[in-house]
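After this come two complexes, each holding chain A, first together with chain B and then together with chain C.
Right after this comes the complex of A and B.
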């Protein structure tokens, strides 16, 4: 029964990554600049790989800034997701009360609203004559409209936070909801202050959920190019996802695209493995 | 279980502990009584949560409102009209051929993907359920991996596969469906496996003991029991494909095979008219109606078994 799907996944999940390797370690047609895949691993050629790595870390590395920027943006945006997501998840999980179900529906709504629509909504608001600028100038906070969409890091990072914070909230909510309230009450009864109860009881109990949440938002952010494209479009805010997208959409850059995908994947494998193993481990006692 | 026993908010009878708190914590005695109450409702957290929700939802509401704007602006209200839906003879979603085609293409992709991914995933879940052992674990692993693997990595890999190895697969609808099914298989797999675990093996074994063949036991006992899970996964796959962007964009052939999400991406910075808002609103209505109807039908299907709903909750917690 499982054979058809297994065959499907072998053909369309594993095979694509083999083709990726064959192209990344293949050569480039000297005339047409199209990638020539090398199917036999014995003849794999590292010229393209080394060339791209040199463009990232070597002298005159023009891809380097985008990679460094990715790290900074993703770190900032993930931290902000946590700072916003934790209080919200905490409130809904512990104080939702009668409003718990409607609150959860509102928290889930972004998952059923297309990501493109959510970006379109912000592009509308952040235009030069958009509502955000009008509100800020109207209140006297700005003398003249600010070019939010003109390649501003602050816009890109806020866009990433807006896009991915719902994932963080769900992961944290699922974990905080499972914390037994009597543990927190016991801490308070034994004289711990609010802050102390949080730091010594709740926080340690949610540590692995925080890590999972950070991974769940940071991974898609590092492959995201459309948030950047729509909210900035400037090469000065480009991230790793943009490098891949640009390479893939430029004729003659397909080989470089494959190498970049391969590199990004190599970097992301440890967190992905951590997520998969920790989630699988959590599932087992429930299954028993 | 603990949820049922949890008090909603503050436990009653703990509110008036003013005097005791004063003697125990003289340093905080000058603070108002409500602050000293250890079980007070967290006003700051509540405000923060509602602010977050406003930030999260209001931009969408405003975008929907401006799809009904009578003028071209997306920030100045010029009166209500259905111009951008169908009244405008050239620019409205209905009369702009490319926008209307995008709408049709999105629905087509969602329907095809659901029809292929759900049977494959259900069969897989049933098969792996009796396999267990190492093979099962390998695929559980793969399944979880698709949840965190950045979509762009798989999308580029499939694009390279289709353009360099399986050249007989044309870009466009065929390639898009192949990619989408690969990405969406996890939904039916995860949901049906969770449900299989709660069903247990007893029903099927009872059917076999009473003389049913394996095929009959599967068809007449297991599948009806699985129906809510199958249904739920179909709804999720359909709604998710309508919103998909990365895979469908890389695997599209030309403007004719670009669905709604790609049109919105392409138009947002280049030719912004409220028609885009209208298209996005239609897309929103599609997914929200699908999910709402799906949820209601799911509740109906499982109305005899309250308390067994964690399948969907589980999934949602892991998106």
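Right after this comes the complex of A and C.
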């Protein structure tokens, strides 16, 4: 029964992962400077791994700032996704009523257009004389147009939020929609205010969904590179994904790209495992 | 001699195995490090050498086994699909269609596949699973391509139009006797700016490169996403003229300059200056001449492309390079491939191609004045025209030895990571 799942896992995860290992611990073709995978673990060479780690945490570690920047950007963007996504999901789940389906369709609509196309649209909107600046100056919120595309961290973080907030909303909606309304009503009947009902009942019941939502958005954000490429392009907003992308497209650096992916996976796998085990625990029948 | 060339010598299959064997043989001979660009020819072990071509050390590549030229006088392949492997948006589709029409009696189709970086292209070719006929590499990769047995030597009788291009390309330093390549385009790399945003004549600065470091243009400076071009620019700013240097002191100085540039102007690093400059995202940009010629088509409606200016050292001492057309050994239509090379070297075809790509073919008949009067290049961008003497006297970005290349890449990584 488990054969299809095992084949899926082997074909789409284990095999590519082994290729990644073989490249990360392999060598470089001296002529074309392309990676030469080493398939036999007995001959794995740790030069690229150690060199990359040294460049992240050692003396003169020039990759370190980009890694730290990624953590900060992803943390900020994930928190903003939660801050925006929770009220939206709450509203749709609790007050959507008959309009719930059209509201969900509206939330999903951006997915019908590729993320890259949407970002390209934002490039136009964020121009100095673009709609965003015109609106903000028109409303008196800005004295003069803001250089959104001038290599600003705020633009990159906003881009990440825009790109990934629908994932957060969907995860939260699924959880908030399952909260039994009678629990909330009971809290109100027992004299709790709206705020207290939310803090003492709704929030604890959605804690797991919040963590899941954070993981669902933080994982792809950590490897994202084209949000920065399109909305900034500045080295000072480069993220881990950009380091990987640059390594892969530079002669002789393919192995370093594989090492960076491995390191990123090392950081991302524990929360992913937590997510998988916690969902499995939730799905287990009560009796068990 | 006539006949079906595919029958005459069979499809020149370059299997992955064949390639890897050849590549391994050459790779084994590659000298892994070099102390500097002066070391243009490096000992690679017992009796083997990896030659790095340079104007001072021109190279006539020996023809590897299996890469021999096809016999002269053969008929083009019939009912064939000629497969081109080119940079994205680097050939006029109408030119391709015209070639199909010209060769209608052979029922020829042309298929264009594209790549975005040479690394991507080489990886695809290395897989040995593609059978492209014509490839458009940069000249600094020619040596590797030849030595790995990727290319087919040219049969000169099929390419009489070679006489239409600048004489230097009949015997270029990177391919003496044009055994494997013909030129496609020539271009230079310098600085473009918008006069409506940059209230100064950049060309009149004592050191025009300084404009890229000028904090007044913070957030509006663009740098090419190309480690050779960006580091070369820093070397040139420091007064260097060797764009292939392995000198540690010079490279460290260039590195410091680049890191300072990142801090001072927070540049936009990409290869889309032909869009960024017209749309006002950047005001001053390191740029390839061909991209600036093409930029006129990307200006928003109602805005004039006359605001763009391009500076290139009047003495021609700047990066000047060219792209090539070569035949791949794996291609199944070598006669058609030759015909296509010859076709693109035709004056009218080359100009038609220029009208789309913006990149100048090194045609002898072309003069800067004519390009302007005929509307191929705007008068304000006359400085973007490449003159024949620039190619012979300009500064070339040559193939680097792996050791020097690694040092250049490390600087680039440091810059790109925003260290």
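Note that in this section the second predicted complex is superposed on the first by the 255 of 288 C-alpha atoms of A that agree within 3 Å, B and C clash if a C-alpha of one lies under 4 Å from a C-alpha of the other, contacts with A are read in each partner's own complex, and residues count from 1 in each chain.
Keep this in mind: a contact is a pair of C-beta atoms (placed from the backbone, for glycine too) under 8 Å apart; a residue touches a chain by one contact, two chains touch by 3 or more.
Since the structure is predicted, the reported quantities are computational estimates derived from the model, not experimental observations.
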| item | value |
| --- | --- |
| First (chain B), second (chain C), both or neither touched by A:33 | second |
| Chain B versus chain C as contact partner of A:46, first or second or both or neither | neither |
| First (chain B), second (chain C), both or neither touched by A:233 | both |
| First, second, both or neither for A:167, with chain B first and chain C second | first |
| First (chain B), second (chain C), both or neither touched by A:268 | first |
| Touching partner for A:127 - first (chain B), second (chain C), both, neither | both |
| Touch count on chain A, higher of chain B and chain C | B |
| First, second, both or neither for A:243, with chain B first and chain C second | second |
| Chain B versus chain C as contact partner of A:220, first or second or both or neither | first |
| Residues of chain A contacting chain B in one complex and chain C in the other | 123, 127, 129, 229, 233 |
| Interface residues, chain A side, partner chain B - complex | 1-6, 8-9, 12-13, 15-17, 19-20, 22-23, 35, 37, 84, 87-88, 90-92, 95, 97-98, 103, 106-125, 127, 129-131, 134, 162, 165-167, 170-171, 173-174, 177, 180-181, 188, 194, 215-216, 219-220, 222-226, 229-230, 233, 241, 244-245, 248, 254, 257-258, 261, 264-265, 268, 271-272, 275-276, 279-280, 287 |
| Residue ranges of chain B in contact with chain A within the complex | 2-3, 6-9, 38, 41-42, 45-46, 48-49, 52-53, 55-57, 59-60, 62-63, 66, 73-76, 120-121, 123-124, 126-128, 131, 137, 139-142, 144-146, 148-154, 156-161, 163-165, 178-179, 181-182, 185, 189, 197, 239, 242-243, 245-246, 250, 260-261, 264-265, 268-269, 272, 276-277, 280-281, 283-284, 287-288, 291, 316-319 |
| In the complex with chain C, residue positions of chain A that touch it | 29-34, 55, 62-66, 69, 123, 127-129, 147, 149-151, 229, 232-238, 242-243, 246-247, 249-253 |
| Chain C - residues contacting chain A, complex | 23, 26-27, 30, 32, 117, 119-120, 122-123, 126, 144, 147-148, 218-220, 227, 262-263, 266-270, 279-281, 402, 405-406, 409, 412-419 |
